[in-house]
Every structure is written in C-alpha cells, then in structure tokens.
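Consider the two complexes below, in which subunit A is the common component and subunit B and subunit C are the respective partners.
Then we have the complex of A and B:
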C-alpha cells in the first residue's frame, strides 16, 4: 500500500454516527476491515475520520443467472468490474479534525452524498492514534463488532509506525484497554490476544 | 563546545573533572486515599519496583502547597483493578500480557504514615495535622531531608546511632539530651543484639557527657571487654574511655580477675546494711508471703541493725523474740521460714558480716565527680536474687541521696546533682505489675526526671512490665519482637504508633531497630551502628587493635631504625 491519497468510494448515506459508501470494485487491501478512512467535512480543511467495520457485497440479478452456468473468465471479470450494485462499505465515525487538531468525538455534521472517502495515510493514522480516547466510541457502539474492530484498527495503527515503535504502541494501547475493561477481565484478555494475531 | 583554553577547561584541568550531578529522585507513586489517623494509601508508579521497597523506609510526600510530609512506610500491598484477577489470573507467560497488566490491572500499593510536616521555606519540621491532596507525588527521602529531621551528628549532644533503611551512608543522629530527659528502654527478643545496642548507646552518653551512668552489668558485658557471637573480642566501656571516665566495680573479684577485667573497687555489703525493704524486693523470688514480709519489719525493729546476721546465726537464741512468740505477735513457723529463706544470703560472698566499706559512698563519690560506674556481677549474674537484691539495694540509697540533694538545691542548677541514668537488665523482674508500684525502679520511672534520675532498661519481655511504667518510658529502641503482647506493650502510650506494628514485626533479626518516642522527632528504623569495629573505635577517639602482622612489621622496622620511624618518634 502506498502513502498517496487512496480513494475508497463515494458516500451513499450518512449520519453523525457513521456512514455507508459504495465502491465499484475491490482492490487489494481497499476497502479493509478496521482500516482508518477520511471524508471531507463541510468547512474547508475539515475532516471526518472513521473506521471500516463492514464490507458487504450484495448479489444482483445478473450474478444470480451466471451462478448456475459456468461463465467464461471475461464474463466473470466484467461482472466484477462493472457491477450493477456497488460494494457497500460501512464506516463508524470516530473523530474529526480541523486541519490542526484531531478530536476523538462524533462529527458535528456528516459528509454529504457522493463525497469521496479516502484511505488515511500512515502519518494521519499515527497522528490520530497518538491518543486513545476513540476507544470509548468504538466500545460503546451498537451493531458493530467492537472488539474485532478495535483490535484490527490497532494492528493497522501499529503497522503505520516504524518497527521499533510497534511493540511499545501496542503495550500502551493495551494498558488503556485495561483501564476501560477492568470490569470484564475475560473480554479484556480476549481483546489483548487479538492485538497480537 | 568549549575550546581547550576556555575558563571551564582550565578550571577542570586544575581541579579535576566536576562531580557528577546527583540524579533527581525518582517518583515512587501518588497518594490516592487515606486519612491522618489511618495513614495514606499510595499507588505505585509502573516503573517502581515493589520488591525494592520495605516497611520502615522513609518517604516524602510533596503536597500541592509546597509542603513536604515526612512519612514512614507501614505496609506494602499488592492490588488489582478487579478482584477476579486474583481468582483467574491472565496467562503471564506472554511478555506482552505481562507488560500490559503490570502497573495497570495489577499494581503495588503502600500504606505510609505521615509523621512530620515541613512548610515551604521553613527550617524546622513540626508534627503533622493534615494530609496531602489527592495525587500528591511520593518520593524516597533524601539525605538532606533526613538531616533536616534528625539534626547533624556533629552537634553537641547528638550521637550517630545508625542508618535509615535503604540509605547507606546517611546517619541518624539521636538527641541524647532528650534521650536522658525521660527513662528509656532497649527491647527485643533474645539474640537480636540488645546488649551491643545498649553498649553503643552508653558509649554515646559517655562521649557526649549528657549524664553520668550507673550500669548494673548482670553478665559482665559492659565493663572491660566482651565477645561477639563469633567469639571476636570487643572493647568494653572502660577500654573505650581509658581516661578515667569509666570505673568498673565488681561483686566477684575472682571472676573479674579470671576474665582479665581491670576493676577499680570491690563491692562488699554488710548484713547490717540490709533493710527489710531490700528483702521485700525479693519477696516473689523468695516466695515470701505477705505475713512473712510484714514480719521482716517487725524483726528489724526488735533485733536492730544486726537483724539479718542474727537471723542467720544458728547459735543466736534470739531472746528478744521470746515475748513476741509467746504472745503470738509472730508465729514460730513464720520466723523459721524467714530464717530458712534468708539462708540464701550465705551463698553470696559479697555479703559480709561487718563489712567496713560503704559501697554506696564509694559509688556516689565516683558519680558526683562525673565518673560512670559499671558494677560487674561476676558469677552472681546467674543468680536473679543476687541481681535484684544488689540493684535494689544500691538504687534505693542512691535515689534517696539524689532526692535530698535536689530538694536541698531548691531548683537552683548549681547545687543539683548531675543527671544520672541507671541501666538495668531483665527489667520486667523489677517492674512487673505486681511489684512495680513498690519498687524503687517503678518510682523512678514514674517520677520522670524530677530528681535527676532516669532509667535505661533492657528487656526481652516488655509485656511483663507494668503498663503505667511502660507509658513513662520516653524513648523506646526496639529490636525484633514477635510476641503480640510485647509489641502492644512497646507501643503503649505513644499516639499513632500502632500503624508501625507491621514495621516492628518485620525487622531483621540482627542490627535493625525501630526508635520511637521522646528522643526522636519521628519514628525511625535504622540499621544500627556496628559496635566494635575499628571505625567505631576511631570515631570515639580510641585506637583500635591492629592487625598482628602489621604490629610485627612495625616492630621490625623500628629495630632496623628506618628514617621514617625516626621522624615519627
């Protein structure tokens, strides 16, 4: 994966708690569960940060027809690249920024329809995860695989760092999880093990 | 970067490299709860290694107003955010899990007892009356802070007695003037080094000249010399102060001679010098009933000064008693029992019929001239009856002398006798609750220093001492005790001391003591100063024993007539 702005897809629908985007095709590692993404806010320089928590590929009438037959490769490729129904990516809002500071809170306004959603660059991920206040937003979310999402986002955040900093970052994140999940040691231990896989 | 000719380089070249800057103290943790009465709770920082902390250690809490709270660690605990962790600990074979849990899910805690407070800008600490705010940082005490609390040992009347825990090289100085203002005690179970500690403190009292001492040396350990457990010889107080400041008296001349102990006088007590009160002090040991004790006074009245000699004389018809026996004023059986029980005096060769010297006069002469007196008991130290009889006999009379002199001086300093400290061992035999109210030692302890006499008691069973007397013991130097009653007794009468219970129970078996009470501004656990080392002797101005090879070489060198030796001579 390169560090250039990578478009993931366009906004289908949105709320302050999260949004859904559609993309025509899947590329290697885009969109990826647990990855950090960024949409632009209404004001200049504003950004809305989110975590991809679901990637859904719906079927369409053409795909149904071809399932029973043995379609040739070019038909399969055509169906994948020129889908009738877009791949739907669900994003949980976890923060916003004004160009200078990043806050781990819900955005004041969601992104608008057909706005582009971008994969965050490594430096953006490092800046966003220099604090861990967004853990609470993820852990309190409903209808989201919170533990898996948090673990995947932390693995991604560790990967965005130099190798000699990754262990220390994960230990710090683990300690913050201890503070938040001390009341549920079983869940805590499961989540900590997921950080290592 | 400074060049070779810069002032800094030139200074460095002349004076040598600058001393390394002292490392700033590392924070141990923060205050998270507690109270003045029960102590503060401190959560340890993740980086603090709990195994490096011990009860008894000094810490300083830096309050939010700039105040420093001098405190002592009274307990060390393990804690967890969730009690379930104790029942179902995580898999700590994974170093990652271990790192994450340590200091967050599981962490160390201290209980610390604040004792003194130092306001910002102040030079003298004062007793603590409040607590620091939440999250106040806690640091180990520094050498400067210890000196601020205890004073500099170079000051007149201060004597270095040991080092605080984990602070090697830092000296705790005891204020000996305050030490002798009240009675004091050294306590500890058998084998914890009470005798060495007592001898060290006595050496300090003599060196600083704060009081004159009378030591009843039951086991001949304080006078000329003694031995460590490893059979190494150590100098006694007479050898430490060879200029005549210490005199050794003995009850058993032959024993002193055999031990090579140089003595200044032999104590002989005449039978006619013994009074009923002296025998009364032995009533429990001699199994004297109340009737028999009462009879002693009756017999003294009827038989006169020679009453003891006459009762021990089997050929004396004791005709003066016939009328009383006929009337039934005294029962024949009672008389016989008294005679039998007094028969033990025949075993004591220091008791003589018609002894010419007055031992009290001899001792008082020395004490009045500022000479410290150590009374060795020789073989009689194995007899508790001899020890109690002689200690009571001498102390009662010396105390009477001090009462008269103090009252005669009518509060003017010039005529008052020098402060006297009387050292007794096996103190519970003199001060147990059934007899403390009647013995001279109980009286002295309760008097405080009204007549310039205080006690210095050495004992392994403080629970055997009358609680009222114990509460009058101003300074307590306590080695390890493990009996609950003894621990309670040591803390009686000292407010807030119960928080130090755990500290006392965890002392090392040797060379550690908890000092609390009048002579120290706050309780302190010390690794006690080692008595008998060349450094100790040198500090007291005594030339210690040299290595024999060194002595031999020096002799050879003198015989050869070397130039250096000629210059030295």
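Then we have the complex of A and C:
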C-alpha cells in the first residue's frame, strides 16, 4: 500500500475508546474493514491510531423508493455520485503517537468533531505493527468483531510489507496470539485459521 | 416539583407535552365520518362533471368567448374538451432540467436582517447512462435595496417572487448551456406568478417582465419549458363545464351556485389512461392574458395521468406557454418527459424531487449559516445578538 494521506472522512462523534466517522462517498478500498487509520490529536504532531471495525450506510427513504424498481443507470449514478448519502465508519482506538514514538494504548483525549480521519500510509502501518501490544486492546473490546478485526488488520499489515517479509510477520503475530490465547484453544484455532485464509 | 421517588424529571416531561392527543380523539373521529360522507358526494359530482364533459365535448369554439368573460374558467382550445392523447413516442435521448428554491426569511429577531435564497437544480440526460448534473446556488440579500421594496420589507410573497425568478433564471442558464431542442425545463408548480398579488401595480409589471424575459431566453435557446403541479386543486374545468351546461350564459353562471364549485379538476380526469393527457386548455388567470399573452407566453395547461399500466391514477397538471402548446413536437416532448421522469419514482418527476432536495436548507445548515454570520459580524467589529424572544425560543425548542 502506498497511500499518501488519503482522507476517509470527518469525525462525527468520539470517545477515547473509539470514534465514528461520516463520509459521503465510498471509494475502492476506502473505507475498508480492518484498515489502519489515523486522526490528529489535540496537540501538534499527535496522532491517534485506530482500526475500522464497521462500515454502514445509513437508511435513506429516498433510496428505498428505488430498491425494487430497477432504476435507470442515471439514477444509480446520481444516488452514488451526487447525493450525500452518509456512510458511517466505526473505528476502534488502538494507539497514539507523538510524531516519534507509537504507543499501543488508548489516547488521553479523543479527536475533535469534524477532524479528518486519514488512511495510514504503509510506513505508518509497518511502524505501528512492529510490536503486537495492541492485540490485547482488540481482543478485549466489546461490541466489536474482535477476531475478524484482528485477522483483517494483520492481513493489511502484512500487505504493507515487502513480499519476502510477509510470512515471517504473520508467523510472529501468530506466536503472539498463541501466548495471549493459550487458555482458549478453540478461539486461537479460529483466529489462526482466519490468518491463513 | 418532585415525584414520590424523588426524581424531578418525570414532572418536567409530563408538563412539556403540548399536544394533548386524548382531547382530540373525538374530533378526529367526527372528522373522519364527515370526510367519508363528503367522499360519496364527490363521487356523484364527478359523474355529473363527466356527463357534461361528454355532452359538450364539441362546444369548445362557441364556449371560448364566454369562458374568456367568465371568472376562473378554463378557456377551450381547438381540441375537443374530452380529447385524450396517449403517451407519445420519445426520442432515445432527451434532457430534463428541474429547478427549485427555498429561502431563509428576514427575521427581525435575528442577529441581523438578511434573506437567503437557495436554488437547487438537476439536469438529467435520459439515455446517457451518466450521472445528472446537480447544483446549488445561493443569493444573499442584505443591503437596503435588497431588503426593502417601496418601503415594504422583502418577505413572504415579495421574497417568493425573487425565488421564483431565481429558479427560472437557473433553468434559462441550463437551456442556453445545453443548446438543444430536446431539453425540457421543469418548474415546480404553476408558471403563473400568482405571488405578485402583494406587489404594487408598477412593480408587478416590472417583475412579470423580468420573469417573462427568462421565458424568452428559454424559447430562444431552443429549449422547452413546463410547470408541473402535483395534486392540483384548480377547478377551472369545473367552472367551464358548468358554463357549458348553461349554454355559455355567463350571467346565469354568476347568479346561480355551481354544484361543481369545490370539485377539483383532477377528479374529473381520473379516468385518463396511464401516460395519457387531457385536451389542452388556456389558463383563466388574468396576468396570463394581460402580461404573458402579448409576449407569446399565454399559459396553457393539460391534465396527465403519470402512472404505469395497472396502477391507480395519479393526475398532475402541466402548464406550458403558448409557443409550446402550439408546437406538437414540443408539446409531445413535455408530455413524454414528465411521464418518463415521474415513472422513475412512480408518481413525481425525479428531477424535481432532487432539485427540491438540493435547494432545501436544513435547520442544521441554517444554524451553521447563522453562526457564520455572527462570526463575520464580530470580525467586522459589530456585536449583534438575537432578540431575547429568539434566544428563548431556541432554548425551549432544543429538546
């Protein structure tokens, strides 16, 4: 991935545990489940990292009108390109940084309403996933598809690395999961299976 | 005031109720019964109107002069009164442009006196497979010249006229840009500037001229224009049929009550086949005769069933200027374009629905705009706040 500050959307509401983003148009791969994203923190250079765990399109009575009607192509394109049908993206906070170091912890303060949320660049993803401390934050989260999210984020992190490093990265991540989920072999097996597929 | 469990909120919520539904239930039941009884009366009147329509279908020519002298009475054209025109064959490609507007009225309780008109428009190219062109344009009025007309504040009907003109100007711009003879510009509502009634005579004529100038632009561009009226409540045809039943005797028509007085014309034409239109008629509106007609824009109209085969009729009224009414090709294009547009949603032109959406100023957008105004005023060194009344209204309505 070679994304350069691709904007996902703006912050709708936020807490230190996570935030919701609104965006108008869905683009290829943005926003995508399991993606690493970054919002700016309150202080200069501060960043809040998160993982997208849900992408939902809000109900729209006008669109409902056309669901069973086989609308013309012009209408489909109007709805997709011109109308601001809000897409809501939910993000789990998994870390923060000050421009030099990245910590796998919840941010001290959430981002502010209408702040931009960016897709992380490949080098940011590599830096963030050079350690696996954020696994605990994901695995302990409630109301989030934790195992699917962790597997998707690791696949994204592997894709951000050169091809010859990907397998080694995933094996390291798998070892960390074995350590964390040693007491729950069924869950561990499921997660490792997701990583392989 | 606290409840037994010590919570003050229960009482607050209860006293906050402003509409006591239980007090209204009896009235609502009675209203439903009255409406049900009225429905049977309407059915009988529709039968009478259709009987007169059939009996006097060929009397258009002798009725024309009498209709022009009568009040609120549709004027027949050359077509038989009961003519039915099926949905015409349409070209593979044609464009429909629609514009609609909304406004923020000047508010003397606001931080500053201004008005805002927002015009939304959509240009939909049928058969292109492309996304329509959507646009919103705003006009901010804040100078003395903007805000007052001959000592009267520009609000209500006076502002409506400016909005209508802005909508038509937008359509004229689109038609000139398109430069095509197969572009249909749709106005939301009547082509007749009824809102001019609040204007003094001199100003009325000036505003009508400005409006007709835009119709001229559309005509010169090669475009076509029409006004779409959803669920019309006009009764000009009902008046014409009553006059016909009296053999065109306007004196008797004025002296005796018309049994069809409250019957909307759309009920008479509810038997139009899907996609078909009624005969053309000329509008009885005075301004159409005095101002529109000399410039070739005399307003004509027809009724139209927009739905597809097998569905309950949805009757709309479509108004067109004389130069469209007298050109079969243009008239067919308006007829077919309105049906094509309405069938996208099922019953209402898609482009008009979208233009309305693009024009609409939501309460959130309005609040954001007011915030922007306050900030700009502060930067300019002006400290201005809403009146106490506006302030408390905002506080009590935030729930």
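Basically, the second predicted complex is superposed on the first by the 190 of 197 C-alpha atoms of A that agree within 3 Å, B and C clash if a C-alpha of one lies under 4 Å from a C-alpha of the other, contacts with A are read in each partner's own complex, and residues count from 1 in each chain.
We take it that a residue touches a chain if its C-beta (ideal position, glycine included) is under 8 Å from a C-beta of that chain, and two chains touch if they have at least 3 such contacts.
These numbers were taken from a predicted model, which means no experiment stands behind them.
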Overlay on subunit A: subunit C relative to subunit B, clash or fit: fit
Touching partner for A:182 - first (subunit B), second (subunit C), both, neither: first
Which superposed partner A:69 touches (first subunit B, second subunit C, both, neither): second
Centroid geometry (CA): angle subunit B/subunit A/subunit C, rounded to a multiple of 10 degrees: 170
Touching partner for A:140 - first (subunit B), second (subunit C), both, neither: neither
Which of subunit B and subunit C A:170 touches, first, second, both or neither: first
Lowest C-alpha to C-alpha distance for subunit C against subunit B (Å): 49
Contact residues of subunit A, present in both the subunit B and the subunit C interface: none
Of subunit A, residues touching subunit B in the complex: 167, 170-171, 174-175, 177-179, 182-183, 185-186, 188-189, 192, 195-196
Partner subunit C, residues of subunit A touching it in the complex: 62, 65-66, 69, 71-75, 77-78, 80-83
Subunit A-touching residues of subunit C, taken from the complex the two chains share: 122, 124-126, 128-132, 134, 344-346, 350, 353-354, 357
Residue numbers on subunit B that touch subunit A, as the complex places them: 81-82, 84-85, 88, 90-91, 94, 96-97, 99-101, 103-105
